[in-house]
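I am attaching a structure below and will ask some questions about it afterwards.
Chain nomenclature is as follows: A, B, C and D, assigned in order of appearance, with residue numbering initiated at 1 for each chain independently.
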Amino acid sequence: MSANTFGQRFQFTSFGESHGPAYGVVIDGMPSEIIYDEKLLLKNLAERKPGQSHTTSRNESDQPEILSGIFENKTLGTPIGIIIKNENQKSDDYEKIKNNPRIGHADDVWQNKFAHADHRGGGRSSGRETLNRVIAGSFAQMLMNQKHTQTKITAFAKQIGPHHLTEEINGSSELSENIKSFLENAKSEGESYGGIIECHIENPPMNLGQPVFHKFKSDLASAMISIGATTGFEFGQGFSNIEMKGSEFHQSLISKNYGGVRGGITTGEDIIFKVAFKPTSSIKDVAKLGRHDPCIVPRAIPVVKAMAWCVLADHYLWHLTDRL
Amino acid sequence: MSANTFGQRFQFTSFGESHGPAYGVVIDGMPSEIIYDEKLLLKNLAERKPGQSHTTSRNESDQPEILSGIFENKTLGTPIGIIIKNENQKSDDYEKIKNNPRIGHADDVWQNKFAHADHRGGGRSSGRETLNRVIAGSFAQMLMNQKHTQTKITAFAKQIGPHHLTEEINGSSELSENIKSFLENAKSEGESYGGIIECHIENPPMNLGQPVFHKFKSDLASAMISIGATTGFEFGQGFSNIEMKGSEFHQSLISKNYGGVRGGITTGEDIIFKVAFKPTSSIKDVAKLGRHDPCIVPRAIPVVKAMAWCVLADHYLWHLTDRL
Amino acid sequence: MSANTFGQRFQFTSFGESHGPAYGVVIDGMPSEIIYDEKLLLKNLAERKPGQSHTTSRNESDQPEILSGIFENKTLGTPIGIIIKNENQKSDDYEKIKNNPRIGHADDVWQNKFAHADHRGGGRSSGRETLNRVIAGSFAQMLMNQKHTQTKITAFAKQIGPHHLTEEINGSSELSENIKSFLENAKSEGESYGGIIECHIENPPMNLGQPVFHKFKSDLASAMISIGATTGFEFGQGFSNIEMKGSEFHQSLISKNYGGVRGGITTGEDIIFKVAFKPTSSIKDVAKLGRHDPCIVPRAIPVVKAMAWCVLADHYLWHLTDRL
Amino acid sequence: MSANTFGQRFQFTSFGESHGPAYGVVIDGMPSEIIYDEKLLLKNLAERKPGQSHTTSRNESDQPEILSGIFENKTLGTPIGIIIKNENQKSDDYEKIKNNPRIGHADDVWQNKFAHADHRGGGRSSGRETLNRVIAGSFAQMLMNQKHTQTKITAFAKQIGPHHLTEEINGSSELSENIKSFLENAKSEGESYGGIIECHIENPPMNLGQPVFHKFKSDLASAMISIGATTGFEFGQGFSNIEMKGSEFHQSLISKNYGGVRGGITTGEDIIFKVAFKPTSSIKDVAKLGRHDPCIVPRAIPVVKAMAWCVLADHYLWHLTDRL
């Protein structure tokens, strides 16, 4: 397995740096005859797109170019190669980073690791890498939409800094006015906040997950914690209710406490999990050198959903050979 | 990658069911000339062993037999095969499970998935599978002990049910009298509890972790959440301090808030993470059919440490080819 | 992928040295509910067994112990762990090898590679490692026998030294008297010979093989050339008929010249391939230190068949997700 | 491992169809600080390019665009994404193929396998996919050129149809006048021929190759037989000298008969292997529908070399963790 490939059956390989010519993703393992849903892909990319709300000033056009694997609007069963060109590479702004690694970023870390690093920005650590995940997730969703139509994935910001939220939002544009102005203030002050995203996989297929190192829950954990700025993952009761007694926790074979996964395998019940994010590192002192994102949470929602689709599609294909 | 293999460079493949003849593990990717430290292996297995404290009444002898890969007390560079025979397979006790899947267990889940399942006990979901992890982790530790001597991994039960703990313990036998009697009561009442384990990787090598899907943190998450009964993983501030502002969180390039990982890569600072466990499923109603473990946390401590050693060794080998 | 694992969907991991305590194999990816055919396993192992003909004087008992993955005579869908103990480890005979690497063997090669090597015999290079392959191949055969009943694999020695053969033989015991006495002479003279095995996969499933690096033919080549002492692989016309014009070679969509594979994918026609073996290295000068095999070809026949079954089962499982 | 990825440490993933927008390759596992040698890449691509000799009339511009992984002329240690746009997609010519699968091609095979196939040409089976291999091989060569400077890989057409050749050629343009006119005649007659390529890896690193399923020889076999139109692989004596007695074959620890590999591991001696190719399928009856290549051998020479570089780089990285 290469470092930049995710998944075992539905696999995607990600490449691209924030200040290089393009990002790209190669999806391998996609069955043939899956209908290519361009609208879905563009909608998902739009949800992720910065600049629409107040959380970032970046303007990215994000036009995907499909290079292979699709013919007459259906998948061929061959690898699907897709790239998105990087425009607006204001690398001049970043010249100063070269000798001044930004606090909270990974500039120095990558320099230490590889000796030679792209000092113009986040490189592979850039949030822009999540473009590839949203693309791959969209194809995973197309597969599931066609083969297990009832499954739906929703996610929302459960907490942004001190604010607890309840409504489902599908991207920055759908935040309440209250939160928008909170984030606008943060931005003008050069402040940043973390938060929590809650995600629901509704009506998932049952029997997904493999013993013992590819449990559904561990692949989900790996997927989520591979997203930049994440600091925690929990499903079902997670960390929130450690005091609960076993006699309360285990009341029947079906229980919300299990989060939809038992023995590492999906039970068919809704899968509920949360992901914690730290405050973005673009705070006052370093923000002038780069671009501002007072909170990554709103833009991370489509990324969390995309990775959940990928885990789902991966295990959906995998479970087809459990028994013949 | 097979479902029962963990790791990319330091890899181990696990097999065995709780009521079959034996458990076993094959470690592949271990360099040659690593000194085989039998004492360490037996000490780690003893830490995991049930029956020494009051958390379980099972008596397992757990004698590892090394079948390959070691010669004249050193590794050969070839795969290391190790088995542990299962004694005391009281499968008669379990005959009833066949038609009555136990609440909280995965009996029905496995039956659904594979149609044909071993109804005599937990099968691959049994806690006894962690034997393989402790064995593999011991070899990972031998590698690191020889090649990066200063690294140490410690772990302790931070919470058991409602009790918050502070001291480091290396296994069930080191619990305080207070907690021991709490668990003894739980056992006699057929009650069970969950908890939290905190683990510290002290003085780890820096530069470990691969972009972007094998970040050190995501492989750690995958390793931990692959352990049975886990429900959450967090490192650094995790879920605990979402209100914290970015200006507090990011104070310098070095900060405890980062949990020892930045950009997915180890910084050389101590790595601190926590793992949440749900209450064991062996509660009153189902316990009479099986064996009692009022809380898995004490016995999971050596398992958490073992998996941390595996992730460490895996990434240690991997980072050697980052640059030549 | 680890160095000692073969296959992508039907995978097996091999361990064991010729002078260690045991050989073993872990099969992962086997579907549940496949009937365990012990008779088939023992028959295949018997075909491979030395000492029955005149090609070797070794006496190996080769009793497989199934440690996991089988319950009530059917596969569980969990990894199948099997070991075979090594008896008769006359390592005293080999003490001299330590400082005198045997010509034709890999003693010095392994010593150079790993610095620390098991000087008592062939280690992982020993022909005895093929036990693991025959075991894995038998399980692959059980899968195919149940799911694609019409497929049959046969193989025979096409050439032994200067002798061209035609009849199918399933192991050393079935050699003609002529060849047996030729090999007996070779043995008494301390001479050795190579040869060619031809293998037919009759009535294989069609559509097996993946673009572009897991073509059926390339995985077959990898499988065959991974067997010790092999020096060549060819299918269809191979090297034998390079002068043939395209207009003769390509006469219709169906042609024996294609060897049953087109575009890397099985067409459903019989797959025919040959494997070349060099003379065994146990010649006069070195043979006294070890054990004599004047020609590896007869004993390699069941190994070639076993690896063919593994490739077949691997691609059979793989092709199930080509389209859903 | 995905179907379109080659290698374990130095890995590349290939995508693209002959009549889609572009081919592309993602190289993962390349260490940082390797100097990007654009001249070498273009030279290797030029060797492969059709239209320069008389073997094909296609005109492909083949300009590689590097999208990631290279910065200031050195590798970053991140995945290297490269695409080559397809121009000249005369798919109108191919409309007829839709209902008339071409003899010798894989049109019907792919249609059977995936139900939905790109009928405009070879799809993933097209010889144009080898562009990706030559690109990946060029980067493997850059790595080896910098880290093991003395290694050189040469290859030449040993046989083209009935003609035995001896001189080394690096591509179609270097064929002798004799062979050029032979091929020109074949083309005008709509005839095609196969052939044999011999390849020498001179002064390779020693100790490359992993037990037991990633022997250097088996990975080489897999690499070569994954190339379209190949029908055989042999190294050392291969199939050519089966009559040779062991006492002749094994004369000393160092022998040309071993082909540079013993026990699956490189000895440091030159590695010599041959690859057999069948006649191209573009014969008279089907050629008018597509493009003509009377013999693939001259153009396959740089492809064989490229794959050999990839296997070499892969095992070079791998062997660095054999012992530390």
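Quick note on the criterion: contacts are C-beta pairs under 8 Å (C-beta built on N, C-alpha and C of every residue); 3 or more make two chains touch, one makes a residue touch a chain.
It should be emphasised that the depicted structure is a prediction, and the values quoted were computed from it without experimental measurement.
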Contact-richer chain pair (by C-beta pairs counted) among B-C and C-D: C-D
Label of the chain whose CA centroid is most distant from the centroid of chain A: C
Whole-Å gap between the CA centroids of chain A and chain C: 45
Inter-chain centre distance, chain B versus chain C - centres from mean C-alpha coordinates, in Å: 37
Length of the line joining the C-alpha centres of chain C and chain D, rounded to whole Å: 27
Residues of chain B whose C-beta touches two or more other chains: 1, 3-5, 14, 29, 32-33, 77-78, 113-116, 124, 211, 322-323
Sites on chain D touched by chain C in the complex: 1, 3-6, 8, 14, 101, 103-106, 108-110, 112-116, 124-125, 129, 159, 161-162, 190-196, 206-207, 210-215, 217-226, 228, 230-239, 242-247, 249-253, 257, 259, 262-265, 267, 274, 276, 278-284, 286, 294, 318-319, 322-323
Residue numbers on chain D that touch chain B, as the complex places them: 1, 9, 29, 31-33, 77-78, 147, 211, 317, 320-324
Chain B residues within the chain C interface of the complex: 1-5, 11, 13-17, 20-24, 26, 28-29, 32-33, 65-69, 71-72, 74-81, 83, 113-118, 123-124
